[in-house]
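Next come two complexes built around subunit A: one with subunit B, the other with subunit C.
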Partner chain A sequence: MRKLFLTIIAICSLAVVSGQDELSPERKEAVDSLALEKVRDLSRYISIIGNKDTPFSEANRVIDRAEELFAAGSEIGVSSINRSDINYYEVTEYFKRLMALNYDRVTIKWFNIQYISDLELQPDGRYVGVITVYQRFEGISADGLRYMDTTKKDITVYVERKQTQIGGRLIGFWDVMLGDIRVTETST
Partner chain B sequence: MNNIKICRNWLILCVVCLVGFSGCKSQQKLAEEQAAEIRAENIAKSKEILLSILNDNGQMSTAEKEKKLRQAKALNSDDPEVQQLIAQVEELLQREREAAQATNDAVKVDPEVERSLGDLFDEIASASSASSANGLIEEGLSMFSSPQTTVLIIISQSGDMNDYDQPTTIERYLNYLKDRKASPNEIYQVKKDDSGKISELELIKKSIR
Partner chain C sequence: MRHLFFLFSTLSTLLVAPVTAQVGEFVGDEDNLYAATKQVNQFLRRFNGEEDLTGRRYRVSDSSYREPELRRKYINILFDNKQKDISTELKEVFMSEIVDASKPEFLNFHGGSWFAQVSTKFNYKGQDETLQLFLRLQKEPIGSKWVIFKAYFDPFKSFFEIDTVDKGKFIHPMSHELDFMNLRKIFKDPEVVAVYANRDFQPDYLSLILYEIKKGNLTFSSVERVKFHFFQLDDWYFELTEFNRSGPNTGWLISNLLKTDSQQKQILREFIYYEGH
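Presenting the complex of A and B:
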């Protein structure tokens, strides 16, 4: 009987400990939205970097901002309807290649940005989820040739609670980092 | 014969007393063991609760921490280590209450500053070109102590606790508005330096206002 009582106390204590790290639904929703917002930021940055009308200095500034969205060592996949393999590039190289694409006009649009795997708390205290996006790419070369494709991409998202001291105040903030971007489908 | 009977009765009584006494003694021992176990449990539980408050990385609000402290105190542990942890938590809560008070005492947003900043944000977000947005950014930066002035963005509020996006600077934030072509936040709080320039800006998501 006593053993049973002690077991119940131990289970209750464990439940209290594990429950401490769970966010309220309202806070979780805010964190979910923040991560989606970072993916939308990336979408906008890619569009600016790829756009041939963007001044060189602006494109470089935006590349810096875009790089900051990623965790170190992340890779971005590139596919084509003309080949079956997918090439993966380190983030900086991907953006440099994007800026230097051999087209006269480039339009990149992301749509249907949504979670396919919700942010889940990991044992290391980070939240990890996967957001899927569709990218519509259109490039027109100097001789008028047009290339278009639509790719489905899965983006791993890491969210971590951090703290910093600002003006004597301790500020708790959510650090969102994007991981690898994997191409899962390519079509015309 | 009677004497033998009396002696036998006394003997039985002594045996009964002895048995009873040793039974009481073992029951008392058991009770003491149980009390020691409960005490150890309470000490462990108190420490666990108090350490969870001290090691919190900003997930818990001050009110939640106060509630947990009450739970730990209710366990009535007189263990010196627990008492020391309670003192540390009380000190931490005192600091948090003072910081919250200081925030409440901070200068509330001057409606004129709020309007001019809000207009600046909207104009940058809707600028027709990057160069016209850059002109507005240059002009807008003159309202701040420096381009590195801190900008905090509240993404959610629950009780006395704010959740923030990663802190940024005003220069980066104004460029962000230009890049995103949208102004998703509004003014929550403004701090000014001695020269009247904005030294810290706190924004809040329009969606949670």
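Presenting the complex of A and C:
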């Protein structure tokens, strides 16, 4: 219900751009907020999926919700400090692996920092940008061993002009989908 | 705390009101994360003086937008501090020409004269090999995209090596009168065929690589490293590399800086492309 409300708010706040396909700096700021909302959703879903207290059925339901945030074919590329190779995962596979991590307790938190790039127009008419966020992971195994890391997540966001019918009227709005994510373990 | 001091001392004039939490819930030592140049996009904005300390874009109407003192402070933290080849004197000359000049220079994402060098790992005949790809932005009827415009693959290099000592291998100047019938002999020895190409011949690695990929002989494994070469500023070249290390001097930083004229820039380009050697 909250999501529907947010979507309607987003549509209404951007409806003023109806009939115009170009993003002015002011509109870009509005779209930035919408994109950040999607990233916030993703962050919340990742924390729930990774949490060992989350029931299996609930985690699977959240994975379904998380997948809906992504454009088809999106991948997650993961590397660590000690390995330059990147492991590529499909979104579902990444979430399933996160759910199955072999720790007794897992805590995933997010730093209060994000960086939002400019939006660039790509040849298919969609805009593309990257939002960078940082995640702190902590896992404690059955024998009490603690593993911690901080990862930088560079998240692709696609912004596309769409139309929807509300009360018989066609209203234009900007829709945001997430795309590929690059995950890098940081030294900080 | 030391890093916080660093930020305050180097960027004191940039400080604005604290950022409110938007994505996260974790409150930790985030000073280094703020200091890090997190994206190439942020490098460009900082270089041009187009955002505040928290990464918030300035509008063109903001008084701080592209303000010279702000740019000086930003550019000063955009160098890899561990790269001792970039002297303090060179940085000063660079800043005086780029920032303080009567006609200051700015970096433009769509301004051309900069490109990416991507070191990739490919599997070639059962072995992992490094393959260099060079990409640049290309304008399209709508928007833009990155395109591969050059490549280099070391295993192919030996195919084009020429024995410059042996002067006995050539197609003699009257061969045309014999309908070049001597080509039959020339192509009998595949090892040395490159010697019969013209003096300025440069192998087109990109065509060869695309051909081998299409034939299934070359398969992509992974991206190893990315760096950028900027030739956009008059009389200057710099290299941009991503550093992943602790402390505030991390992220996308200038790892090489040279004062160069246009002729030297051309030589440098050829060197980067692995051409002529």
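Miscellaneous remarks
Throughout what follows, the second predicted complex is superposed on the first by the 144 of 188 C-alpha atoms of A that agree within 3 Å, B and C clash if a C-alpha of one lies under 4 Å from a C-alpha of the other, contacts with A are read in each partner's own complex, and residues count from 1 in each chain.
Going forward, a residue touches a chain if its C-beta (ideal position, glycine included) is under 8 Å from a C-beta of that chain, and two chains touch if they have at least 3 such contacts.
Keep in mind that this is a model prediction, so the values were computed, not measured.
In the superposition on chain A, A:R146 contacts neither subunit B nor subunit C.
Of the two partner chains, subunit C is the only one touched by A:V133; subunit B is not. Of the two partner chains, subunit B is the only one that A:T54 touches; subunit C does not reach it. With both structures placed on the common chain, the touch criterion links A:A30 to subunit B but leaves subunit C unconnected. Residue contacts after overlaying the shared chain place A:G167 against subunit B, while subunit C stays out of touching range.
According to the touch criterion, the shared surface of subunit A, contacted by subunit B in one complex and subunit C in the other, consists of residues 29, 40, 125. Within the complex formed with subunit C, the subunit A residues making contact are 25, 29, 36, 39-40, 43, 81, 84-86, 109-118, 120-125, 130, 132-134, 136, 152, 154, 184, 186-188. The touching residues of subunit A, when paired with subunit B in their complex, are 2, 6, 9, 13, 16-17, 20-21, 23-24, 26-27, 29-31, 33-34, 37, 40-41, 44-45, 48, 54-55, 58, 61-62, 65, 125, 161-164, 166-176.
On the subunit C side of its complex with subunit A, the touching residues are 19, 21-28, 30, 32-34, 36, 38-39, 41-42, 55, 57, 59, 109, 121, 140-145, 221-225, 244-247, 250. Residues of subunit B that touch subunit A in their complex: 34, 37, 41, 45, 48-49, 52, 57-60, 99, 102-103, 130, 150, 152, 155-156, 158, 161-167, 172, 175-176, 179-181, 184, 191, 200, 205, 207-208.
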